[in-house]
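Same chain, two partners: chain A is paired with chain B first, then with chain C.
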Partner chain A sequence: MQGLSIEEVIHVADLANLTLTEEEKKKFACQLQDILSDIDKIVAIDIKEEQEILIAPTENYDIYHNDEVEGGLEMKDILKNANKTSGDYITVPKVLDE
Partner chain B sequence: MSNYLNLSLDEIHSKLVNHEIKPLDLVLEAFDKIEKNKDLNAFITLNKEAAIEEAKKLENVEVDNLLFGIPIAVKDNIITKDLNTTCASFMLENFNPIYDATVIEKIKAHHMIIIGKTNMDEFAMGSTGETSYFGNTLNPWNKTRVPGGSSSGSAVAVSARITPFALGSDTGGSVRQPSSFCGIVGLKPTYGRVSRYGLVAFASSLDQIGPMTRTVYENALLLEAISGKDIKDYTSSDKVVPNYISHLEKDIKSLKIAVPNYYMSDAINVEIREKIKEIISLLEKEGCNIDYIDIDYLEYAIPLYQVIALAEASSNLARYDGIRYGHITDSYTSIEELYKKSRSEGFGEEVKRRIMIGSYVLSGKNANIYYEKALKIRRKMVDSFKKVFETYDLIIGPTNTGVAYPLGIKVDDALKSFYDDLLTIPVNMAGLPALSLPVGFDQEHMPIGMQIIGNYFKEEVIYELASYIEKTLNLDLESGKQC
Partner chain C sequence: MLVPTIGIEVHVELKSKGKVFSKAENNFNASTNTNVTVLDLGYPGTLPNLNKEVVNMAIKACLAFNCNITRSMHFDRKNYFYPDLPKGYQITQQKTPIGTDGYVEIDINGEKKRIRLERMHIEEDTCKSIHTEKATLLNFNRAGVPLIEIVSRPDMKSAEEAMKYVEKLRETLLYLGISDVKIEEGSMRCDVNISVAEESSTLLGTKVEIKNIGSISNVGVAINYEIKRQSEILEKGDIIHEETRRFNDKTMSTIAMRSKETGNDYRYFPEPDLPYFHISDEWIKEIEDSMPIMPEVLRSEYESLGLNEKNRNTIIASKAMCEFFEIYKNDMNPIILSNLLTGDIISIMNKNDLDFGDIHLTRENLKSFVNALETGKISSKQGKEILPILINKGGNFEELIKELGCEQISDEASLLEMIKKIISENPDSVEDFKNGKDRAVKYLMGQIMKVSKGQANPVLTGNLLEKELQKL
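What follows is the complex of A and B.
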């Protein structure tokens, strides 16, 4: 089966915040096409435009609770798994232009 | 080496009550068995020191319930305070959680002892255990075969009698399929029966934590222990948790059971169909009313799953950015490069493939073409199931299309892991409870599982039928004896 074009694979990887090796691009081009062809089966199903959707199999209802301050996490716990920290902060690269 | 962990739960319990044995004996035996079965690769992280310490502490605590002092294995996507939780991914190789999942709090409240975290498919994505960063888990019935997945190590720990109990999670069949492949009892509860707080999210509208055990009785006990409303998971239900074990010896004569024709089609291995037919005859003789029926939309379950599960996965896994926790790349010049390189290095191939598809079906117009359309069909499928349960108490059929197959045969087939779950995915789509029960073996002595699907929050009816079949068949399900 003809796969996705390499440009399409790069676009999809970009959407998922991934960069791929040349080898991965080729492999995924075919594999993603296999899955997308499968998925196309549902596009063909005839279903009414106004048909209700189901996001999760649960009865959703509003739950309220009193606006009271409860114990939270300790700062040292929050920072425990962070890769780069400085004092009480997590270090990240600069996000604003000079 | 002692062999207390091969005894029935009631026997172990009475030995603990009579002080013939201590929880420490059970814990040390479990670690001996892990060592002896090292080649199975069922565990990623062992909890040896803490487990021994806990067992010693329990010597001064009154034995107050049947699960007291019993070793349990936990799938490595259920977070455990101070005990690494990797999801079998390089991304979380060193992740050390700062709190316990609600199910962990509950098993600890019952004084169960966590032995370790079990191997699995990376982020629960896979059906063979082969996508784990930490290597394949082997099937104890035949070490050249897959154990199933994604709860591979949990199924193997119970099957090899390393621990009597394990916790798994099931998004499209990840408790039931490995349970079936390894000859154990595995339940996916009703969506909302068990809190998902602390279960690392894969597809939030499908995920459920479930008990994996040697017997139906033990399964019912563990389900009761972990069920209930949790304020930290708003999708958890406040419906009363029944005393499940009181339903085990009930008369099954009045049960009305449906067998979907879809579950007995040519796509299913003939030996498995024959085995299920034998069980159907057995139940008919006992007086159950059994009909073959059609259920609309079942045939679309896999594409629905590919859209809904992968869309949710792409959104859930967007959190792994290398900053607050998880793998971070060594060199980068911008935040965008940091995200992309960390994720590309941290995730394995199956995960990448799935989040790319998920991102695609949610992007721009595709959100309507694929995702919204899938949600409409999902509603129709649920309506079809509800209609069946207006007439019938249970639905039965095989758990899988085949038995456990050789390792490595389809690692490059992107569709394989989805089609392995052909018969289990519809249950997650609808949020129904379903159990896989061992009902026999194929000619090569690999276990065959039967699936029993119940109505919403009717796990007790599933257990009722399962315990009858289990008792009647009285199979020898201890793996590894033949070696």
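What follows is the complex of A and C.
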């Protein structure tokens, strides 16, 4: 089986907005490859086209709620875990591209 | 010749009471960060639970837009890194959209044209970002608001077709009662995909996506701008790059935002926190039986009532106006009613900043008013005097016209008396009439109106005057 390339690791890191050191890139290439190898075992299982694949670890289908509204969190709790806030808002570093 | 090909993706906020996966209130106007649960904040350990009403609403939309309804559906995670989405993924439907292969019909130069829909899916909205000089501010009231995304096939060939398509969607969703569809406020958002290619070519040109279009008319402006921009690039022999552009409503032009990420970058996979959902025949039937009247049906009914096209469109474009018209149309002359509603009534309301709920116009007064106009009991000029009073204050129509001295004199004996008097007082005009001068009749009519203080029924008076003059 072909290992995960450093370019692929960089691409995945870019998508998650992460900067990796050279050492980390090599380390994660191995770790990600291990995950993919496990997935390959699942992919290799022969299932019929029309079989519904189990996507959730439950056989209880069709679980809904009926448009009820319950009070949400209080503002102080909403803002509590944010690194930065400004007035009633959670703030993040300025996003430029949108 | 270069021709455009246009496809449109429309996001529509549904107006369920609660959000799609949490029980926080779904309210556009609430103060900042007040309708938020731990789920909407993307906290670890929280689990989504689907709001059934959202599925009901999506089924309504599927039926209205002739979509096949997916009987067994699940949700998928669309993974991307952006501050408006703290979990790092949006819950959407990639593999099993609730609706597929629908269509809507638009009228182009009197011909019906079918615009095909590729898919309609349910997803959650992201939180609202506000960009300031120094930072980006996040309001989580919008996080988790239910959306349906309606994706058309690239079936539109002009700005006009695109605008008609969006208007048709807007109008239908409005009548379904499942969304406010206010483009200006963001409860309906359009992304336009457009490419330009030689008419003879079997291949489509490179696609450019335009975002941030804030009104239906700007859908047209943005498309025409982009057709021109892309055509000029191709005519110079340059190539077009696949990219996303933003419409700027100050410059009325489009500006490059970013080169398009490929679909694979989103690494979709099934959302394991939500099970399969099944939509039964009985469920669909139940919704089918409770579907409201669609604008198309109203449009043809109003045509058969004799309403002109402008009035038909104006009334149907506003649900409040349409509801008003529906209440009264069978009770009085519908054509006069439609003229009043789209003209004087709405302009008086706008002038005084009133809603239909605020006006004092009673059924009895409206009915008497329309009848009085129809029979000529009052002139339209007098109507303009009376209507603001009926709308702003109310009262009794019959008493009001007497008070204002508006009631027309339609009693032949009284009119004849006046006519004979005027004729005898104006022998010169009678002589002019005999010599074939038309303006003599107009002068005499003017005199009668003066004497009657404008209350003489003009049609009847005109006829009687002519007869009297012929006798001489």
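FYI, the second predicted complex is superposed on the first by the 75 of 98 C-alpha atoms of A that agree within 3 Å, B and C clash if a C-alpha of one lies under 4 Å from a C-alpha of the other, contacts with A are read in each partner's own complex, and residues count from 1 in each chain.
As a working rule, a contact is a pair of C-beta atoms (placed from the backbone, for glycine too) under 8 Å apart; a residue touches a chain by one contact, two chains touch by 3 or more.
Everything numeric here is computed off the predicted structure, so don't read it as measured data.
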item: Touching partner for A:67 - first (chain B), second (chain C), both, neither; value: second
item: Chain B versus chain C as contact partner of A:41, first or second or both or neither; value: first
item: First (chain B), second (chain C), both or neither touched by A:55; value: both
item: Contacts of A:17 with chain B and chain C, given as first, second, both or neither; value: both
item: First, second, both or neither for A:88, with chain B first and chain C second; value: second
item: Chain B versus chain C as contact partner of A:80, first or second or both or neither; value: first
item: Which superposed partner A:6 touches (first chain B, second chain C, both, neither); value: neither
item: Overlap of the chain B and chain C footprints on chain A, listed as residue numbers; value: 15-17, 52-53, 55-58, 63, 65, 73, 78, 84, 90, 92-95
item: Chain A contact footprint on chain C (complex, rising order); value: 16-18, 23-25, 31-38, 40-41, 49-55, 72, 74, 79-83, 88, 129-140, 257-258, 265, 267, 270-278
item: Chain A - residues contacting chain C, complex; value: 15-17, 52-53, 55-58, 60-70, 72-73, 75, 78-79, 84, 86-95, 97-98
item: For the chain A and chain B complex, residues of the former touching the latter; value: 12-13, 15-20, 24, 28, 31-32, 34-36, 38-43, 45, 47, 51-58, 63, 65, 73, 77-78, 80-84, 90, 92-95
item: Residues of chain B that touch chain A when the two form their complex; value: 94-96, 98-99, 191-192, 204-205, 231, 234-235, 237, 300, 302-304, 306-307, 314, 318, 321-326, 328, 332-335, 338-341, 343-344, 347, 349, 352-353, 355-361, 363, 369-370, 372-380, 382, 414-415, 418, 429-432
